[in-house]
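Going in written order, the chains are labelled A, B, C and D, and every chain counts its residues from 1.
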């Protein structure tokens, strides 16, 4: 690809972008949120049309008007937005064969039994464990991601693009993916790999390209560079300390949950969080962390159990009650649950505190504005104005909005579910700083994550969750990646 | 009143020119014995209607129901929501469900012929109103649409002195409307000095739409006297037009309508209303007469193929000013209205008496 | 491009007004313009109801039936029960609120999708209002089926609501303007209005932001029912009787007005000002076309054509804005 | 729970059938049951059209108007132009396809949202069909407005389509069953059917999979128009004339059938079998209730109530399934 340019409503997302992939290599494409990685790959896969520039494959110039053109040329893509790439109410098998269904490669008359059998075989070959007749809507995010990966495998590809495939995957599943990628590479297929987890890049990639603000900054073999080179190229500066940990005094108990239970996903969880304390809950994907966070926030109703905030029984029949009780949640699925993408940043930020911002029900425009400007300034949200639609912000900035809307609610306890998922290193650090500040103000923080390194870097206390239970507790400094992983998966073995 | 003799009607009204049937003619000559009267009791009658909105239909249904009850029978109404295919299905259902007799209200030959033949084959007598079926052995009742139009138009011409500007509120697409239009065409030819300044009408929201559009026309012709009268081919239209004129205070414009319900009558009686006259057949009477002919058929009489129920011209002058009249007591003031004995026979009277005695 | 996108629909109305004014000297008179406004007052209330339900990402298909029900309820209050004016007005409003409550029960509790639930309610209410009057229209001293006469009449004071004037302006027009301005301010400047908009934007995200979305949706449906009820009361006051099935045609008309409104000021979503403009446009067209003496069936073509044109301007451009 | 969720609607129909059969000896006769099927044949075609449009996540509100247009076109083919049977049938089908094409043009090219575009088309087509016949119904040798008589009649062969029987089964019923089975197989077993389902399930995903979604949507709207056209032809053949506005009431009825169908087999979304079951249920109810001597206006209440019940079963359970 050379000289690629693309603008969205007048804003240039790509400037003279160049990119090459060779057969049989894995090429990492890196950059901060909004650098233009996905946009470039969408152009390569025909999802967007470039404004300018040329694309060549095996020396021939290609004009890609639609995904169909790209697929005909052997370019396939595992898109970053999992939900936009699957048909939720159809079966796994059908989603795997989605591409084929669109072309004459699929016979006009379907034989369902054969399709299911073929899908089962394929998944078995890949070593993936997903039931083929299940509706995709009933899968977890990780399983959906696996389906997307499997889907590319049925096609005859020359180039395969993986746009942040590992974000929702567990370590084990990630390893599986890497094995698959390796196989493809050996078969002479060119692979593009996008990720915010830099260690993964060094693990499997041959070359890396770093983008910043729609431009190419650097392309080098991974053997010749290290993490700090990449970070420097990505951010235009170096990042001194990934985990800015402030020491704050730890106060009395502000959140205490007893015997929280919902089906077999959350089984009798007890936990406490003190003022100023950051408590991390780690676990593999599917351990039940998201379910736990939703119970604490009243997003789902628990079968059993009580939650007390600052000594008072919390009302968890609905999130509205939880907010009034002083507990708030930054949910995992940011674009669907955390923010309203079609509304302005201003409106998103005032949503939980409309009561404060109004008198006799009438909203005060000036109060609303000053609230938004305050939060935008405090969190360093990059937006052209408070009136900007939130959907147009980069992932990291969207996440800041999802956190920022709670700042002025007077909440005592912040529950954050995977707040750094898909967020670039720079923004991640910003988010860690915000969390630290909240703790310094005496808030209780419950931080749910499957990134053990984050828990180690950030938390005062780490709880390990496995299969719906808290199986182990570590104080700061006690834990290592290895023993976290041990308990996160060993617990599973115990139960099995 | 003059009978222009354009009863040949449209193609859909393929029935032969009809003579109105006075009661005495249609009465069966021999009074029947008790056994045949007993046999007429407890009949299940189906009433298959094309549409049933508005007070007119409600009163018609009432007339049918009351009369059948008087004869000791029971009526089931099949409503078709102005959908002829549904009406055809309803007719089929009535035949399948083996009703003893079927009354048809509106509809047309194309839609109903097959069903009626099925009924005949099953030995179920059918009497139709305003459907112009023209099927052998099935009596077609009708109200004389052309005559109703003529009665009001002639009066309009007379009141206007044979000249003026009029507004027509009318809509095509319904057989009775299209028949009324024929009289209107003749009227236009006859009175070249009476000019139609505009014509509108919409059946889907008749009253409010007529009101809104009449208001626009009144604004367009603001001088008093620029509009002489409004001729509304349907009482729903007349209500809307009259409301608009009344609310605009243009009391020089007179409204002539067709059809009559209790509600209409109240408006015609209201001295501030511009609606001064209507030609109509009492809907309740239609129901009553309709049932009587069906019972004649049940009794096994041969009935003439077409029967016309005569319309009556009702104007405000004929109505009292001190009390409100209804279609039930209108006969006291307007000759020929209601209490028609059309279609009655001695044995039906006996039947009525026998049922009433119980 | 941006300009036509934003002002396309308004300019379009301007052109239509200009055309009719030039064509007919009586069109652009105070009397005719207020007549137009009066003629759209009922449908505007219904359309505001639809707008509110669409704002919370619902769709209230039962508004037409609610108009039918409340208009006969209003009339029977006077004609059958000889109630005082206050009761005559309050009862149908309560009925409208009750319909809204039932709708929201089906939608929020039973979780039937909005359109389906309100369609079912539409049938039910249509049946109820006919059962209530046994299919008869309600008018002063009406003939009852038992042969007696109804005791009451449609009160003069009541009819004034639909036919009277205040300071030379038809009263229904005043009511309509109050409702339009009120609803606009409500959505723009009040907490509850904002809550409705946000609920409509993404119900789950709004719920997880601490909104009681079920309650918000319930209020929206109640408001929609009440708006339809006001439409029904106005209908009765306007025609001086309670007509059966009076509201049925209003549903589609209201929806059309709301949809034209999407294009106003480039909103691309339901909005009160747009809805009002949409209703005005329809009213102007019917009035003007009637004065042009076009056949009634041509009205429909023009109405559809205008809808397409107005929307084409908005949506073609809104697309361009997004990807160009 | 799962059980009532999946079979609730079917069991419900069974109970209704049983009840009516016990109550009335004539209900469960071959003649009556085929009559019921014949009575729903037209609305079923229209409902299949709506189902197809909903499947691609659209919504074709113009189907009713298309029925009106094609039914008068069919009738005029014979009555005005004395065309042979083939032309009489092909022309309205082409007209239906053209309407679908226009709809998809507005939706796919001009990017007007589906419901709005097809609502506008509904008005336009309604106007066109009345303009075409100047508001008159079309019947054999009809009186023309210039005083002459139309030359043609509604052909016997043609009327057989709507009124005749084949092997003792009404021909429209045979057509309907072919269409239902055909459409079901199309969606279940053919690539193109799956493509429509995928487009409706997630248009972006389908597009990214290399599907030309615009073309698929276009075909869906054309199919919807053609289905409505078949409905229109059947209408003309059934009533033996071309009635103005014949299709208007069919829109809501078809939509109701489709919505009841959501609950069949726990689909929770538009599906052909469900649509057919929905249409049958409505037909059975109307037929059976009439036999019960309920007032005609009570039909509406029952219809709405059944809609609510059938849907409540599906949606209450579908929710429970999700979070329990």
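What we mean here is this: a residue touches a chain if its C-beta (ideal position, glycine included) is under 8 Å from a C-beta of that chain, and two chains touch if they have at least 3 such contacts.
Please read these numbers as outputs of a predicted model, since none were measured by experiment.
Of the two chain pairs examined here, B-C and A-C, it is B-C that is joined by more C-beta pairs in contact.
A centroid comparison over C-alpha atoms places A as the chain most distant from chain C.
Chain B and chain C, compared by their mean Cα positions, are separated by 34 Å.
The distance from the centre of chain A to the centre of chain B, with each centre set as the mean of the Cα atoms, comes to 73 Å.
Separating the CA-averaged centres of chain A and chain D is a span of 45 Å.
Residues of chain D found to touch two or more other chains are 130, 134-135, 295, 297, 299.
Counting partners per residue, chain B has 52, 171, 204 as the residues that reach two or more other chains.
Partner chain B is touched in their complex by these residues of chain C: 24, 26-27, 29, 31-32, 35, 38-39, 42, 134-137, 139-143, 145, 147, 149, 163, 235, 238-241, 243-246, 248-250, 286-288, 290-291, 293, 296, 299.
The part of chain D that touches chain C in the complex is made up of residues 106, 110-113, 115-117, 119-128, 130-131, 134-135, 252, 255-256, 259, 262, 295, 297-305, 307-308, 311-312, 315-316, 318-319.
Considering their complex, residues 189-192, 194-195, 197-198, 201-202, 204-212, 321-324 of chain C touch chain A. The residues of chain A lying in touch with chain C in their complex are 8-9, 297, 299, 318-320, 322-324, 328-329, 331, 336-343, 347, 350-352, 354-355, 357-358, 361-363, 365, 405, 409. Partner chain C is touched in their complex by these residues of chain B: 52-55, 57-58, 61-62, 171, 197-202, 204-205, 207-208, 211-213, 215-217, 219-222, 239-240, 243, 247, 261-263, 266, 324, 326-328.
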